[in-house]
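Heads up, the next two complexes both have subunit A, just with different partners, subunit B and then subunit C.
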Partner chain A sequence: MKVRVPGRPGDRLASLRRTGPASAWSVGDRIGLGLAWIAGISLCVVAATIVGYMAWKGLQFLHLEMLTTSPEASMDQSQSGGFFDPIIGTLLLTVIGIAIAIPVGVGIAVWLTEYGRPAGLARAVESGIEIVAGTPSVVLAIFGLLVFQQTFMGLFSFTAEGGAVFGRSFITAGVMMSVVALPMVIGSTREALNAIPRHVREASYALGKDRASTIRRVLLPSARSGIATGATLGMGRIAGDTAIVVILLGASMTITPEGGFLGLFRGTGSTLTSYVYNNSPAGEGNAPEKAYAAAFVLLLVVLFLNFVVGLISKRSEPKWS
Partner chain B sequence: MELKEAEIGVPPLRRIVVGQETPPIRVAGNLPPELFDREAPAHDDTPIWVEESMRTEDLSIAYGGKVAVNQVSLEVNAGEVLALIGPSGCGKTTLLRSLNRLVELTPAARRTGRILLDDQDVDEFDATHLRSRVGMLFQQPNPFPMSIFDNVAYGLRERGSKRPRRKELEPIVVDALERAGLWDEVSSNLSHPALALSGGQQQRLCIARALAVSPEVLLLDEPCSALDPISTATIEETIVGLRDEVAIVIVTHNMQQAQRVADRVAFMYLGDMVECGPASRVFNAPQAERTAEYIGGGFG
Partner chain C sequence: MEAASLTDAPAAGGREDDRTDRRVELTLGALASAILLLIAGMVIFVLLKGMPSFTHNGLAWFGAGGSVDEQLMNIFNSPSDPDDYVYHLRAWPLLYGTALITGVAVAFSTVFSVLASIFVVEFAPRRLRQVIEPVVRLLAAVPSVIYGLIGILVVVPWVATHLISESSKESVAYVIQLDGTSILVGIFILVIMICPIMIAIIVDALRSVPDKWIHGARALGVNRWRAMRTVSLRAIRPAIVAAAVLATARALGEAIMLSMVAGSVGFAPNPLDGLTFFLEPARPLASTIVDNSEGLSVEPFGQTMYAFAAILLISSAFLSFAGWAARRSFSRYTLGDR
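Entry: the complex of A and B
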């Protein structure tokens, strides 16, 4: 391939100078480089503005008792309480979602990397993952509502008088949240499993182990930090998702357990995301101060999860020469 | 070319020398045949006892039509080290991997001919049972990401329905580490992660891991190719020390290594077994021209 080299014709060293000072570059290249610089810097500015503005607004309105008091329905903002319930709701929903997503996601990743036969089925599973990853969460939420409002799904939320199933609860929202987190868990587990050299698996087989115990005792422990990374990324997605909460967790701001077995999980509630939505001028509460404060807490939660991801990936995977 | 007495003489076998030139290999191609013939091996390398442990009969292995091993019949004897040598791609690793049926993991591989362990066809065994009797060591040290103790105990656990306790495993683990020559270095930190050990220590840990399940045959696939000379010398010492307890088959590209550790040498070329015999004979008086050329560094 012939490379267009700037410089005087016949200058045989010109090709070496392509990496030299940008002044020797063509105008198009220089504009491109400039745009790349601007793009990179403006992203930093946007990120810093988001965090800075939310911190300024959030800290201005955030009071410690907001973290410990439940929301109250009141027109007077000094009487409308804090967002203790939404914080608990976010934690609960994240835990439920990830608790479902980890075993299912790891199972899919193991099947794909260690079995993956027939090839057609493996391809179908891969497209399935892509479809799930690309589905907007509001679509997942509506789909979840359809499924969980079926009569036989009454166990997971509650059945109103007359037999209509409500379909909204921590369980139903948690199940759909696990679908949101699933592609992350599968992706990084697969990556970790693929990074294990073949001879490590063979070493286990050569000791008279079958595939199942090789997976359980060697491969999964080796992939531990990959699984943890995927799980943490997935938790970040769950904590930040709004559509599923608004549609599938019910409209109550406070956590409202149902009666009976696992009442808390069958009940409704709210999360930081739905609290922000409901208190923002777009929602019904119109209490922007509380929305700012809660949004700031939510941002901290998600940034903390990302920080944890960084920590886990620094704790390196086992390395074979 | 002038040859000194010392250079022509049979290179000392099983002498592990570190930081010193290994004995020069005689360049067969450069020697007049009569001179070559005169140097008949005076060195008798018969081990203390020889008893057949494994045998292949007309073994052929092909990967999707490409023949990697062609009609090879070979005995593996207890009490001796058998070295498989030959240029890259000659099928020696495939042959080695067929002995514990690891080659079956490659979907395209097809095998004909028989492999016998103690006169019993290996196909009659359950693969996991066969592999606990025929252990293997790989090119790259590959301890599992767990403690040193758990690595050695790995093959012993989950063999039956009940999980053996640490107390019961401890003597076997200690014994295996001692035989692999690693005990003195790790005795105080058995609970440390195995992947923190040095490359040479990792490879000896892998030997201990293989020995713990008390195999009858140990297959070594270029076990020193990823190691420095000092670690290599230690591993070779370990291999030589083990040959009375377990039949050893070693694949190596390193001719000096084959000379140092092997009792018997099999030379393979393009899937064929060209020559197999006592190490001293194959190295000093090879019968086939190809062997002489390869040993002399003519190709490969």
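Entry: the complex of A and C
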């Protein structure tokens, strides 16, 4: 284990900083230094511009009643309706996606860190996770469409007369969204499990617990904040994904439940992302004011999730000595 | 390391416990293997579904020839009799657009990310460092549709009024209309989108360079910039490659933002047009799929879209795998044992 010297991360350089001012450097080095500064500062400027601009436009166009009224079809989109349905849609989809991703992701992470045998399979799964993480969400979306349009999957969306399965619903979109969130959940759960030192496990074995109950009673509770971080990151990804929504949730602006058992989940709808996309000049609605307002709400959601990640990682972890 | 030795821990308790333990291991192992099944399923199903488009065109599928948008339109309007399905497609403009936008964006953002990472790790004052880290996380978290919205409502009009002159418009008027949606805007915003991924990986790698190495260089009288460039950057080359590769995979799959700002025209920008080249529109594969999601139920058209998806899936899978392998070898051989 590496012994950490107490102090700030950048401290190792504090003593070095005294050795010669940058003005004594050669021209090339000074240009490099300047470029590094420009790169760093421009990152901050870009981020500040995006957030500032969205806040300015958003507050300008956002009215409270927009949050509680459903979208309406009308000639002048800028005057009618709000985005209540898209907000509910985002919420619903995020919940479905993460509810699937957490158990699956935690299970895979536990297997990788605690069992991981045969080693070849573990390596293959590890690289598989990277591949899933790198798969474009468009591809996931149309793969999902392919799977859920099979006849026996009719339960998850709805079947038109003549037996064609539509394949588009909250469930189908949620399942593919869980694949988007999965790598995040696995990644941070693994990190948390790896951070638990060996003697904790050994202590549990010494008390007569087998591996399965050690995982359930000792390891998972200690990894809780890691799991929460991964879940929150995953929720951010789900809330921000557009391609899966456009392709797998259907094009209806309002939430349209299907009849029967779990009708809402089998119905189609929209989310904030698809609402923004449709109301941008690239979509059919073309009402930039409403796109700005909805995008601002979406940005707030994402920033909030980001903030939660910060909070979780700051909260005191169990201290292992 | 740790986990491997743990697996040798004897399962305490009697036979009953032993069996539960085994069952848990098998269940979780099956769950993990499902990932591999998912990937295999994706590759097989998408490839099978897209196959007719490849078989009807042969290798010419990848070539140039005619207007790709017209061909797609013809495929979409195929007669309903399966024997008369139209498959004729020359996908070059889409492939070229994908490669062009991705390649240029990744090249730019590699340079930018390396500089920014050096700044974060070495030169940033403590206060600024504390700001930049959340900023990078934020830029990574902003949904692509918001980038696209800002792009289409702010950057595109700006480019249309300030960068596109009448003469450049006229010079290409006979092939394409310049309205501000262009690969320039697409690349610019894509750089902002993929930088955070690269910076996160490169910063981690730079931090893992042993202090001793830098101290050694400094003791020889090398200044801080040179020490970074000649010691740290050299040491983390595999990580930079991994970052670039993973960013490429991400850029390949970017659909929404590019379909909003890059023009959504199946046009191959012509480098012979000089600087106007960057103001010409294009449409990568991923955007093509999203733009045409309504037509997926038309059989031959859907098959063509799945052919695009197969190309994307296979190339991004290779890239992700390469990035994973590069990162893995980096942590195992270079700096793992500090």
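Methods note: the second predicted complex is superposed on the first by the 299 of 321 C-alpha atoms of A that agree within 3 Å, B and C clash if a C-alpha of one lies under 4 Å from a C-alpha of the other, contacts with A are read in each partner's own complex, and residues count from 1 in each chain.
The rule we apply is simple: contacts are C-beta pairs under 8 Å (C-beta built on N, C-alpha and C of every residue); 3 or more make two chains touch, one makes a residue touch a chain.
None of the values given here were measured: they were computed from a predicted structure.
In the superposition on chain A, contact is made by A:G208 with both subunit B and subunit C.
Once chain A of one complex is fitted onto chain A of the other, the partner contacts of A:P288 are limited to subunit C, with no touch recorded for subunit B. In the superposed model, A:S280 lies in contact with subunit C only, and not with subunit B. In the superposition on chain A, A:L35 makes contact with subunit C only, not with subunit B.
Judged by the number of subunit A residues each one touches, C leads among subunit B and subunit C. Shared-chain residue A:L67: touches no atom of subunit B or subunit C.
Shared-chain residue A:I88: touches no atom of subunit B or subunit C.
Of the two partner chains placed by the overlay, only subunit C lies in contact with A:V179; subunit B stays clear of it. Once the two complexes are overlaid on chain A, the subunit A residues touched by subunit B in the first and by subunit C in the second are 197, 202, 205, 208-210, 213. Those residues of subunit C whose C-beta lies close enough to touch subunit A in the complex are 2-7, 9-13, 17-18, 20-21, 23-25, 27-29, 31-36, 38-39, 41-42, 45-46, 49, 112, 115-116, 118-124, 126, 128-129, 131-132, 134-139, 141-150, 152-154, 192, 195, 199, 207, 211, 214-215, 218, 223-226, 229, 246, 249-250, 252-256, 259-260, 264, 286, 289-290, 293-294, 296, 305-306, 309, 312-313, 316-317, 319-321, 323-325, 338. The touching residues of subunit A, counted against subunit C in their complex, run 2, 8-10, 12-13, 16-17, 19-20, 22, 25, 29-30, 32-33, 35-40, 43-44, 46-47, 50-51, 53-54, 104, 107-108, 110-117, 119, 121-122, 124-143, 145-147, 179, 194, 197-198, 201-202, 205, 208-213, 215, 236, 239-243, 246-247, 251, 273, 276-277, 280-282, 288, 291-292, 295, 298-299, 302-303, 305-306, 309-310.
Those residues of subunit A that touch subunit B in the complex are listed here as 197, 199-200, 202-210, 213, 217-218, 221-222, 318-321. Those residues of subunit B whose C-beta lies close enough to touch subunit A in the complex are 100, 102, 105, 127-132, 135-136, 138-142, 144-146, 154-155, 157-159, 195, 199, 206, 209-210, 213, 226.
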